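Next, two complexes with subunit A in common: one pairs it with subunit B, the other with subunit C.
Take a look at the complex of A and B:
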């Protein structure tokens, strides 16, 4: 896991600040739906992304299925006119004309999202200032940076000089650190970032109690955010309960459902099909073994798959995913997708394992 | 054949400074139980004890280093071997243990000494010092109050008690004790500075400044570090009195005596701020932060300078740092909220 140079971090920072959408305050009455992907906001003509439309539909309480139904029955043009009529009708009622924040890509004239004004968005400039306070204070090395299309940003940083072991498990030595992200929906989020030294696999642990989310800048929230960081740092960036989870994952077999789910997730993000993923998630080999045993896994219900023990432990599955996410395997994956896989691996580690509920039977 | 030593031999070796050999000889003698019981021997033992204690008293016990303290403890052990209830020996060994930071042992010895001589103030003072070093200010005050009652305004006791009050941030009582000690002729530099600081912290800058005038002659002979504190307090008093130019002069002098103290640059930055000299203030806050990366107030001061220059992003980051290093600094957090809005 390489450290990203200070210059590169600075370049990334200015890109992230430039790329963040403009936050325009307004109400639904100031937005006119001109066409399916065209709006006018305060008289300014804008294109609209799929995400922005979903946001508007959600605010207007129009279900996605209704959108499709209307398009099929009355045609797209009439559907757009109909939805705009609903918007107008709703905004005449004051209660439905709440203050909103419109996220506008001012360079390309695109509406990227709409959120309620009560969510105080943190700008990326603010985000970087807070992240830098932490990185400078603890001398963390930045190892991962990602920037999404809508300006969402994530930084992974580790404390190289502090490492710890998990019980007496061989090869389980870790560096800890933080993963800090900012986006207009989740706000600023702090999670543990873990680096398994033996293979340099990175894992983002969003489900431990040390995780903190800040959707609004207030003295209380900033204080809590800092406290979370300080508590984590006091434990050398080792999340509470992490050792116990790893030991449990080490001694618990993954279910077929968990394995399929991991494989499907990697396929969705990478486009690589099952056979290409065998090295990390041995789903085909597992299914073959079941077949040899007389069980056709394709015929099993989800509930049965939950009870089908595989020869892979949860920990091996977690490591397969983090290895896939961290290393250059010749598969094109941008950093956002890598982060998503690392987060999913962390979630798998923290979940209640399917095989956890098996009972030794005396019969 | 074993050589037989006499008490006179032991004293002679002590006088020559060969204390290790003297102790060895003494142990040889005391191994002979018959001799030990003889009246002549007991008399000689007492002489030896007095001799050892007199030697120890020649040293300034509180200023001894660890090696010397350890060595002297061995000699005192000798006395306590034949008289476990020797008040002076227990008191001295307690003091020596303080030098070794062995506070539990020190308390044990001093408590025994107090049990032996209830109306002697020395052991109370020393035990008070131990409690003070351990941060147990309540017990420290109990002992020092008793010592004060027994010694009646002994300036050293007042100095010790003043220190306890000072740590407890009871600056009014600290100042009262320090000032009384000062009036009684005690003029330890650290005490005078604390006395001045206590006065300043009581919140009366005018009186602090006039006290500093009174002490100015004493302080002329101060080492540069203490002189720097003296000018700093004067500068701060003048700052509180809104005499910014005079305050600036005092802080300049303080910095001239000690160029590596971050607080001085912070104070000068604050004065520059009041004088609307933004760039100089900013430079001073930055210098303070070079010396102390976790100086919350300096971050806050610099954030104000950046705000004055309309550099909001830099201001935000400094407020963020200020609040990180001092979570009590609510103003910094409020400014962060304002700037991020």
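Take a look at the complex of A and C:
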């Protein structure tokens, strides 16, 4: 896991500040849905990204499936007019006309996202000034930087000089750090970042108690953010309960459902499917073994897949995902997607494993 | 009928103020910073100090008085609640308080050598002490108890006692440029004891509170009203293992810095909105 040079970090910082869309305050009543990907915001015609469209649908509480259903039933043009009518009807009720933040790329005239006002989206310059305090204070090395289309930023940084092992497990030596992000979904967030030394796999753990989410910036919240990092640093950036989770994952087989879910997630983000993923998630080999055993996995319900033990441990599955995310495997993956996979791997590690529900039977 | 023209107002230029009056009482500690923008307790000012029971109002004020005294000011603590024995416990915990002038209003006889002599009324003793000693900073602990005990002795109405106290504070503000820290309790639900008159006449309302509910370790002091300084800026304090009161100076500075960052981010947000507004005007104006 290479350290990103200070100059590169500074270049990235200025890019992140410059590329962050304008945060325009307004309400849904000031947004007119003109067409499938066309809106007027405060009288200004803008193109709309799929992400922004999804945000608007969510705020209007229109399910995604309605989109296709309406288009098939009344045609695309009428669907757009219908949804705009719903918007108008909803905003006449003050409660449905809450304050919003519109993310506008004014240079390219694009609406990139819509954020509810309860999440304060920090300017990226403010975000960096907070993140830099942490990186400088604890002498962290920046190992990953990502900038999303809507201006969301993620920084992964580790403490290189502190290592720790997991019980007596061979090859399980880690060093830790932090993953700090600024996005429209959760505001500013702090997660644990873990680097498995034997293969330099990175993992982002958002579910341990050391994580912190700051949806509004205030002295109290910033103090809690700094305190969370301080607590983490006092334990050499090893999250509470991490060792126990790794040991458990080592000794627990993944279910077919967990394996399928991991495989599907990698396919969605990378476009790689089936045999292309075998090296990391051996789903085909597993299905073949079941078939040889007389079980047709395609016919199994989700509930049964949860009870189908594979020959892969949860830890192997986690490592397969983090390896896929961290290394250059000749597959095009931007850093945002790599981060998403590392977060998903962290969630898999932290969840209650399907096989935990199996009961030893005396019969 | 001819009316005589009366003009009670004056232009600021016509009023001369001694520049020394604008130099604050300054103990040289972080507590000074919360009183005023320039730092220090303004002269001739009255501050109400409130907070729920047990939050350490008296301790906080006493220690600040001791710091001010160490800085060279003449300070008085007027105790209408605690007697000498109560105070002795304080002195054992905080030996630095032993040098403070303390006026105990309970059971104060006019002739200390005569056990049958009459008691001073609380207000009589307090105002007499003030007339005869030019104090810089005085704390009255507490207003409610002072008024109650005076009411008990003099049978004057509470309202009349309160009015007299307010008048006397103004008088001593002018006489010796004395500043007062007036301690007042609030209920557990933060309701103010007594009349609201004090709230309006004081220079500032200083509030001490627990950060995370009653008896939590972290406590803070802040101002809900302050004519000379910031409101809602918190100065955190706690008691260490030895019982020593520690003011979290580092956190105060960190919070100030965060405040600036919040303001700066809000300003940037406003600029982004103005930029969007201008852009809409330009584009729509051109089309």
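Quick note on the criterion: the second predicted complex is superposed on the first by the 320 of 363 C-alpha atoms of A that agree within 3 Å, B and C clash if a C-alpha of one lies under 4 Å from a C-alpha of the other, contacts with A are read in each partner's own complex, and residues count from 1 in each chain.
Quick note on the criterion: contacts are C-beta pairs under 8 Å (C-beta built on N, C-alpha and C of every residue); 3 or more make two chains touch, one makes a residue touch a chain.
None of the values given here were measured: they were computed from a predicted structure.
Because the two structures share subunit A, they can be overlaid on it, and in that overlay subunit B clashes with subunit C. In the superposition on chain A, contact is made by A:129 with both subunit B and subunit C. In the superposition on chain A, no contact is made by A:4 with either subunit B or subunit C.
By the touch criterion defined above, A:42 reaches subunit C but does not reach subunit B. Within the superposed three-chain model, A:226 lies in touch with subunit B and with subunit C [touch as defined at top]. When both complexes are overlaid on chain A, the residue A:91 reaches neither subunit B nor subunit C.
By the touch criterion stated above, A:104 is placed in contact with subunit C alone, subunit B being left untouched.
Contact with subunit B, but none with subunit C, is seen for A:137 once the two complexes are overlaid on the shared chain. In the superposition on chain A, contact of A:23 is made with subunit C only, not with subunit B. Overlay on chain A, subunit C versus subunit B, candidates 63-71, 189-197 or 207-215: the clashing stretch is 63-71. Where the contact sets of subunit A with subunit B and with subunit C meet, they give residues 122-123, 125-126, 129-130, 217-219, 222-223, 226. Contacts from subunit C toward subunit A in the complex involve residues 234, 251, 254-255, 258-259, 261-262, 264-265, 268-269, 272-273, 275-277, 279-280, 283-284. Of all the residues in subunit A, the ones that touch subunit B in their complex are 120, 122-123, 125-126, 129-130, 132-134, 137, 217-219, 222-223, 226-227. Within the complex formed with subunit A, the subunit B residues making contact are 313, 316-317, 320-321, 323-324, 327, 330, 333-334, 336-337, 339-341.
Contact residues on subunit A toward subunit C in their complex (touch as defined above): 22-25, 42-44, 104, 106, 122-123, 125-126, 129-130, 217-220, 222-223, 226.
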